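What follows is a pair of complexes built around subunit A, which joins subunit B in one and subunit C in the other.
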Partner chain A sequence: MMKTLVFDVYGDFGHFKKFYTTSSPLTFAFPPPPTVRGMLGAIIGVDKNDYLDVLSHDKCKIAVRILSPVKKIRMGLNHINTKGNYWIPAKKGSHEARTQIRTEFLKNPAYRLYVCHEDDQIQNRFVENIRSHKTVYTLSLGLSELLADFKFVGLSEFTERKNGEGHITTVIPMSVIDEYGITFEKDKKYFKEKIAMEMTRDRVVERYEDVIFEVQGKTIYARTNIYWEDEKGERIIFF
Partner chain B sequence: MKYLYRSGAANGADLSPTAKLSGKPEGTFDRKILGWFNILDDKKTKLTDAEKIFLNGIRDVLKENAGFIKREILTIREKTPKKEGIVVTLKIKNQDLTKYVGDFPVFREFLKKQVNDKAFSISAANKMCSICGEKKATVFGNLDTYAFYTLDKPGYITGGFDEAKAWRNFPVCPECKLALEEGKKFVESNLTFKFCGIRYNLIPKFILGEYGISDEIIDIFTNTSRIVSLKQKVMERIANDDEEILDVLKDLNDVITLNFLFIQKSNAAERILLNIEDVFPSRIRKIFDIKHEVDYVYNSNFTFGTIRNFFSKSDPNKRDYDLDGYFLDIVDRIFKDRPVSFYFVLQFIMKKIRDEFINDRYFYLSVRNGMMSVSFLEKLELIKMEEDIMEESIFDGMFKKYGPAFETPLKRGLFLLGSLTELLLRKQYKERSSKPFMKNLKSLKMSERDFKSLLPEVQNKLEEYDSFDKGKRMLAAEASNYLLQAGDNWKMPVDEMNFYFACGMNLVNDVADIIYPDKKVAEQELGQEEANQ
Partner chain C sequence: MANIKNRSEILFVYDITDANPNGDPVDENKPRVDEETGVNIVTDVRLKRTVRDYLHDYKNQDIFILELRDDKGNLKTKEDRLAEFKDNTDLIKKCIDVRLFGATTAVKDKTMTLTGPVQFKYGRSLHRVDMTYVKGTTVMPSKEGNKQGTFTERYILPYSLIAFYGIVNENAAAAQGIDLSEEDVSLLLEGIWNGTKNLMSNSKTGQMPRLLLQVVYKEKNFHMGELDKRIRFVSDKNDEEIRDIKDGRLDITELIKALKLHKDAIERINYKADERLTLILEGKEICLKEALSGFIANELSF
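Then we have the complex of A and B:
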């Protein structure tokens, strides 16, 4: 049994940059686990150098559910042009002062996060802060400009179960799915993305994984070798 | 492999002593072939004594015979047709044995070293590769397969702007780097298409991997025709392919989606103009279905090019296509089933229509294209038309044919007024070979007040020409009736009012069929303008 905090985060815009794009940034459909850990760090105020350690994969379990259909739009962002490692505030030769980067954003993103930390003290700090709508650092959806709001949903007891089949509400790492264990249903749109799963405190990714999700936020019927179920029968997969 | 060619910097040598012959053949030899051996003068070059002797020997021979070689190159160049390219390489003969550059390990190793030199500048040992997901002895951090991943600005380096640690962002092992490069080549040579003149890569995505997917489907992605557009012939084939894919997928219990990657290349930079991700074949099929419907109604061939007409250049005199962004956004919305702003699209349609109208060029064609585009978007339910319950009218059948585009009294009134005006213009043209009344149409920028005063003006003029016959009276009465129903303060943008008016001008034939049941009379009234359409 795992006492799990369930809460929603949402905002007007979000951007979770795909790691393989720099000059034309594209966004993931949902925050990858290291990003979620960063958000959790902001909520209880863990230093940016420590959060990947304090909230590491083996200490803090997280699951992400997409609540609103994933919508992506593009906008131009005006950056200062630091090409060649320096910035000249005015145009000089071919060096423009600024550069416009067309960036992909998520519009009206909303996610339900499931968080379970092994340290009761930390877990309680999460619950307290979320309940009283407080954070230590400002919460944002990927970029500091994209502010996020959040809402306490509840505390649930999730039980770990092995080998089962059913509707799963969260995004699912491919590794837990049995071979051809997904039932593709009509009117559902399935997408797959490779994301960083585990990151060390010095920001080195230890594990990448393909994750499958339904883009409209609907459930996925899958046969998995592990899942977690609460008293209401909701099935989720922790990363 | 035996020539071991790989291009280097534009002004420097290539990565092996093999070069493509350029404008000045003799220069190519000096710069590229002999130039390659300059690495022998570089102190950083690490070579064994045997290798040094071997390479120096070749260089000496080449230098000694430079004059002869260059003359030979020139002779061969002159003898060969200009359009045929020539590659210059070394061939080393030792008695009966002939060897090429690629046969010597020293050239191969140098090439590999040069290729990976840049990559090695930002790399790490024993780290996880982000592509294969395995721990590898070396991972590179500055991949340049696609130029939309660059580290040329510190802001691109997440986690501290530290270039030396940039490998943490996107670590790729040498094997995956090679696979990526090969993949890019494959996509560029097989899966690159043009969409209304804009290049894109079509990248299929198999949700559960390739396993179990028949070769037939893989084949579809390598042998599809080069131009993906909604042109009839190609379309049918794509539609068929589409069905095949779905059919097979159904049995395979697998899912395929399509990514359309529009990349703009400018010099060395590559920017993602648009990445339409995960389009289901069924959506493409729906787009084709709607295209068919539009084709049927307008008896024409609707393609994305029809929309492109309005979204290419903001000014026809401009050199560059500056509306690509808008066009691609509309394409994105069509593929992803997201709403389109009617007024936004209309603004560009009217701009083009006015331009053609003022310059007396392809006005009718533009109006038709505009109507087809609006109809296409409307049928895809991307724009929503206002609809009112309408009184019965003799024109009902005609309006119904065009869907909900004309389902309010005001739209119908403007449309019929447009037709009536067109009949007057044709009459004028028939009588005096010019259309002086056109100036009353204010370059199609008429306001509510203009339209209200236009009807009596048109009627008057028709009287003057003694042409206000029964049919036209009926048309004027209907137009007036609808405009009266619309009341005052129309609350419709000028662009939209003029659009419906232009539609009426364009579809005057449909109207004439109704008001003149006698075909001969209709033809006479329409005059020779018909031939211009």
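Then we have the complex of A and C:
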């Protein structure tokens, strides 16, 4: 049994940069685990140098559910041009002062997060802060200016179960799905993205994984070697 | 000056007439519009630029992110600019924009990654906007030998009423060793209001601040969130036909309701409203002072 905090985060825009795009940043459809850990760190006030440690993969389980259909918009942003490792704020020779970056944003993103920390004290701080709508640092969706709001949903007991099939509400790492384990249903749109799963405090990614999700926020019917179920029968997968 | 102790939230509403509040450089410098909803978007950077320029030009404040020229008329590089400060501590102490908005520098030996204690979301218009394409002419040729001026073209919005929302986070300041003072925050508010009014560029004339609200909390780590989602601009006209602040009324019913609900968490409210703005509370016209009765409310005097 895992005492799990369930809450929603949402905002006008989100941007969770794909690691293989630099000059034309694209966004993932949902926040990858290291990003979620950063958001959790902001809520209880863990320093940005420490949160990947304090809220690491083995101490803090998280699951992410997409609540609203994933929509994207592109906007051009003016960045300063630091090519050649310097910045001159004006055109000089062939060096432009600024560089325009066409950036992809998620529109009206909303997610349900499931959080369970092995340390009761830390878990209680999460619950208390989310319940009373408090955050130590300002919460955002990927970039500091993409401010987020959040709402307490509840506390649930999730029980770990092995080998079963059913509708899963969260995004699913491919590694837990049995071979040919997904039942593809009508009116659902399935997407797969490779995301960072575990990151050290030096920001070195230790594990990437393919994750499958339904882009409109619908459930996925799958046969998995592990899943977690609550008293109401909701099935989720912790990363 | 004492450092800030409280969390606060900022709501700022301004409008623009026959101009471009924020052009998209990779889209012909068109005003940013969400095609799905017709809502006009203004980046946080635009508002910060407004504040920086005002504080530098009118309030004698040191600004780090600024276009400065040396004696020969060449613009200063980031290295040159950084060399003017002893170290990062000195830079934070001197430059108000770094204290407010943070800064990231990747210059050798002087790297700095400061998250600004003050963060703004992108501003959004409170109604669908209409985009207009305007052509004009210039009288002076751009090059020697040209016999005539040329055509200019630009996209403008006949009208857009834009709401910005931001948070001032006291912990972000303290954790990073930023001495953000109450005075800095007051200057920020003044910069938002007067800077918006004073922007003397062709594309920004016609901007007017309409409403500014700072909700200061006494409850630790708490803020209401989404102040911008709690106001509505209601008009008898079609959204795209709105041309003036008098064409509609700003409904603050939900905002006031939320403020009252969290009254115990709020220490005080600072505000300023433009006289041409009509506010509506529960269907009735009201002035802001009256709407905020019951709170310790101070009208900002700049």
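The working rule: the second predicted complex is superposed on the first by the 239 of 239 C-alpha atoms of A that agree within 3 Å, B and C clash if a C-alpha of one lies under 4 Å from a C-alpha of the other, contacts with A are read in each partner's own complex, and residues count from 1 in each chain.
What we mean here is this: a contact is a pair of C-beta atoms (placed from the backbone, for glycine too) under 8 Å apart; a residue touches a chain by one contact, two chains touch by 3 or more.
Keep in mind the model is a prediction, meaning the values are calculated, not measured.
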Next item on the list: Could you check whether subunit B and subunit C clash or fit when both are placed on subunit A?
Entry: fit
Notebook entry, point to check: Touching A:Phe13, do we find subunit B (first), subunit C (second), both, or neither?
Noted result: second
Next item on the list: Return first, second, both or neither, reflecting whether A:Arg131 touches subunit B, subunit C, both chains, or no partner chain.
Entry: neither
Notebook entry, point to check: For A:Arg161, is the partner it touches subunit B (first), subunit C (second), both, or none of the two (neither)?
Noted result: neither
Next item on the list: Give one of first, second, both or neither to describe whether A:Leu146 is in contact with subunit B, with subunit C, with both, or with none.
Entry: second
Margin query: Let me test your reading of the model: by the given contact rule, A:Gly45 touches which partner, first (subunit B), second (subunit C), both or neither?
Written below: second
Item checked: subunit B versus subunit C as contact partner of A:Lys192, first or second or both or neither -> first
Next item on the list: Determine, under the contact definition given at the top, whether A:Asn78 touches first (subunit B), second (subunit C), both, or neither.
Entry: second
Note to self: Quick check for you: in the superposed arrangement, does A:Arg102 touch first (subunit B), second (subunit C), both or neither?
What the structure shows: both
Next item on the list: Return first, second, both or neither, reflecting whether A:Tyr208 touches subunit B, subunit C, both chains, or no partner chain.
Entry: first
Margin query: Between subunit B and subunit C, once the two complexes are placed on the common chain, what is the minimum CA to CA distance in Å?
Written below: 6
Notebook entry, point to check: What is the shared patch of subunit A, the residues that subunit B and subunit C both contact?
Noted result: 71, 82, 85, 102
Next item on the list: Would you tell me which residues of subunit A are touching subunit B in their complex?
Entry: 17, 19-24, 26, 71-72, 74, 79, 81-85, 99, 102, 104, 180, 182, 184, 189-192, 194, 196, 203-209, 212, 215
Note to self: If we count contacts the way the header does, which residues on subunit A are in touch with subunit C in the complex?
What the structure shows: 11-13, 45, 47-48, 71, 73, 75-78, 82, 85-90, 92, 97-98, 100-102, 107, 129, 132-138, 140, 144-147, 149-150
Note to self: If we count contacts the way the header does, which residues on subunit C are in touch with subunit A in the complex?
What the structure shows: 24-27, 32, 34-36, 41, 43-45, 67, 74-79, 102, 106, 115-116, 119-122, 124, 165-167, 169, 171-172, 175, 219-226
Check: Taking the complex as given, what residues does subunit B use to touch subunit A?
Finding: 127-128, 130, 133, 143, 147-156, 158-160, 165, 168-171, 205, 207-208, 253-255, 257, 269-275, 277-278, 280, 329, 338
